[in-house]
Amino acid sequence: MEINVELLIGTKVCDIDGEDVGRIQELRVKRDEKTCLVEAYLIGAAAVIQRLSAWTLVRPIRGFLSTRRFYSPYQVPWQEMDLSDPQHPRLRIAKRDLRHAK
Amino acid sequence: MKKALEITLGIVTSVGGFLEIGSVTTAVQAGAAFGYHLLWAILLGTVCLIFLVEMSGRFSAVSRHTIVDATRERFGFPFFAIVLVGVVLVFFMVLVAELGGIGLSLQILTGIGFPWWAIPVSFAVWLLMWKGTFGLIENGASILGLVTISFVVAALKLNPDWGAAGHGLLPGLPGDDKAKYGFIAVSILGASISPHLMYFYSSGAIEDEWDKTYIPINRFIAGFGISFGGVLSMAALVTAALAFQPNGVEVDTFEQSALLMTTAFPKWGFFLFAASMLFTCLGAALETSLAIAYFFAQGFGWSWSEDLTPSKNARFCFTYTIIILLAAIPLLVGIDPIKVTLMSMALTAATLPLAVLPFLFLMNDPIYLGEHRNGWVSNTVVGITILISFVLALIAIPLQIIGG
Amino acid sequence: MHLVRDVLDQKLLDREDCEMGRVDGLVMKVGERSQPRITHIQIGGTTPWMRLHPVFARLAAKLARMWGPKRADPVRIPWSRVMTVGRDIKLDVKARETGAIDWEIWIARHIIERIPGGGHEEEG
Amino acid sequence: MDSALSWIGTAGMAGDAWLRQTTPDTYARQTLELSHQNLRQISNDLLESPPLGPDSAYLNTVLARSRRRIARLAALITAKDAPDFARELDLLRADQRIVKRLSDKIESEE
């Protein structure tokens, strides 16, 4: 199945129990000679900071962004994302099992 | 040696870029209506513009991308499309105003009404872009624009009250007519912090193939050039205060502005003003049409350069051709260029956040700028400018309705 | 590498450094169990307008079929043609063979070359 | 009221400049005509509200007179009659002072 990445950006993601996780903001990929493989999806407002490469800008107010929960986005490995309905992506795991990106 | 020449030309360019129908009209109106009291608005606008222009140049020199390139790359197509619509609409109105300014200058010189000049003037501007190179436009228009130094001479000849002028550099509220005062203040800021200059300058740095070694030069050009432009604008305000206030004249039309320097230079004043407006509006018309074409070309990834033959960057040249053609229409049907000017300045103020907000992100981007990112001084100024721009955006249109 | 930050909306250059638009869209292939991979870069057509709203995309398609080179489909470049991802994205293709600059050529031939002083797009 | 003064002032400045032969005839004539038109507009607006006292009645008379003077100035440009133009311009200046004094007085009474 083919999915347009640019349209996937900004769509809301639910976890396996239907709980709202956030929006897909960025894709982490690995590129070698001929291919480009998707490794993980970054979810949440903090991923926008990554996307705008604005981390130097938020560094001074990082403390205010209430611990690392806001500052670092959720990172969902490709195995745990179900994209069979591209307009309504779902996680294959629960929100509490998610990891934050470094 | 080459760089020394470039510094001179760069400064001249910023002077040419600063003064145009909008800044002169508002400065003259302000001086005639409120004496020195609005000098602070020009000062504030000049300081903001110095920083924004310095950043545009530094961004291009280091990243080899223009501000428009980066706006699309970082913020994506949807945001870019919003900026495109807002900015191009405003630039188009500015272009109409500048072409109108050329037409009005020719009208007072020849007595032939400006609608008759719409076609020949647009054609001349288009031909200069079609045949000319970036260097010709940049340097030619600005050297001719040096005639505006007569504003400074005029102001000095009329013996201004320096104490009162110094007092005017600090913001204050007038006794009466607050709405008109506010409207002119917003217009001055809209005319000074003109985004087309930033986009033009940032594209110019790419056209002239600047690299990191140009960072000090860029700082110098932005600082001195824009300050010089600001001084010229202030001189126009001071001259207006000294020439028009004693006669009780409040300037509403171009015909009235034309009398600006007849007191200071009894013999040449009228022609100096007409020539100043003719050349600065010509320069600004060229810069604005180029800025629109750059905006489209860079945003959509077309090839662009004012130095190539038109068929090598067909879409770029097609864009400015169409824009100039369209800009002639309102003038042809006789829409008052001064009204367009006032409206375009209020709209510039209203859309300023769209143009200024990306600077905060782009100028702190380690991928584009590495160690040449903004320091805290520049960031503070950008922050303040963004605040000002949001305030302006909120009050510009209401003030246009009450005060204009 | 981050896909949105480093690839999407970046400028595309062909092997001879000719500008051929921007990365308006990226196509990802997703299988039931296999790792998703990026297969194509999309340029022009309805792609960028779809990102605003489907209404704009329909409008763009309609207009594109009426004028110019009369093609509304976006150009697709296989990911395997990507040479470098850096300041810009360099592709191992020839721009005019991909169709990405059809509009540029059409405007050059039908409008610009007919105006005196416009030059010819095929020279040098 | 300020705008009436402004247009009389404009006519005065344009007249001065023409008298020094430093502006094209057409520009000076067009500017005088523009002042004339605007003054007529302003006087019409003033006449719609009835005069409040002897001062404003006198003011209306002087305004009408200045307007006629400006029209005459424009005509004198076409005739290239500089001596008459200078005389008429002096009279306009005198009227301008009267208008200024009257409007200041009316304003302070309000």
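First chain written, first letter: the chains are A, B, C and D, and each begins at residue 1.
Criterion: a residue touches a chain if its C-beta (ideal position, glycine included) is under 8 Å from a C-beta of that chain, and two chains touch if they have at least 3 such contacts.
Predicted model only: the values in this text are computed from it and were never measured.
Enquirer: Which chains lie in contact with each of chain A and chain C?
Expert: Chains in contact with chain A as well as chain C: B.
Enquirer: Any idea how many Å lie between the Cα centroids of chain A and chain D?
Expert: Centre separation, chain A to chain D: 73 Å.
Enquirer: Measuring from the mean C-alpha position of chain B to the mean C-alpha position of chain C, what distance in angstrom results?
Expert: 34
Enquirer: What whole-number Å value describes the gap between the mean CA coordinates of chain B and chain D?
Expert: Averaging C-alpha atoms per chain gives centres 36 Å apart.
Enquirer: Report, in whole Å, the distance between the mean C-alpha point of chain C and the mean C-alpha point of chain D.
Expert: Chain C and chain D have C-alpha centres separated by 65 Å.
Enquirer: What parts of chain D, by residue number, touch at least two of the other chains?
Expert: Residues of chain D touching two or more partner chains: there are none.
Enquirer: If I count partner chains per residue in chain C, which residues reach a count of at least 2?
Expert: 4-5, 8, 24, 51
Enquirer: Give me the residue numbers in chain B that touch at least two other chains, ranges are fine.
Expert: 74, 76-77, 367
Enquirer: Pairs of chains that touch, anyone?
Expert: The complete list of chain pairs in contact reads A-B, A-C, B-C, B-D.
Enquirer: For a test of understanding, state which residues of chain B touch chain C in their complex under the given definition.
Expert: Residues in contact with chain C: 63-65, 69, 72-74, 76-78, 80-81, 130-131, 300-304, 309-315, 317-318, 321, 367.
Enquirer: Mind listing the chain C positions that touch chain A in their complex?
Expert: Where chain C meets chain A, its residues are 1-5, 8, 24-31, 35-39, 42, 47, 50-51, 79-80, 82, 85.
Enquirer: Hey, which residues of chain A end up touching chain C in the complex?
Expert: Chain A residues touching chain C: 1-9, 25-31, 34-39, 50-53, 78, 83.
Enquirer: State the interface residues of chain C toward chain B in the complex, per the touch definition above.
Expert: 4-5, 8-12, 18-22, 24, 48, 51-52, 87, 103-105, 107-108, 111-113, 115, 117-121
Enquirer: Flag every residue of chain B that touches chain A in the complex, lowest number first.
Expert: 74-77, 360-361, 364-368, 373
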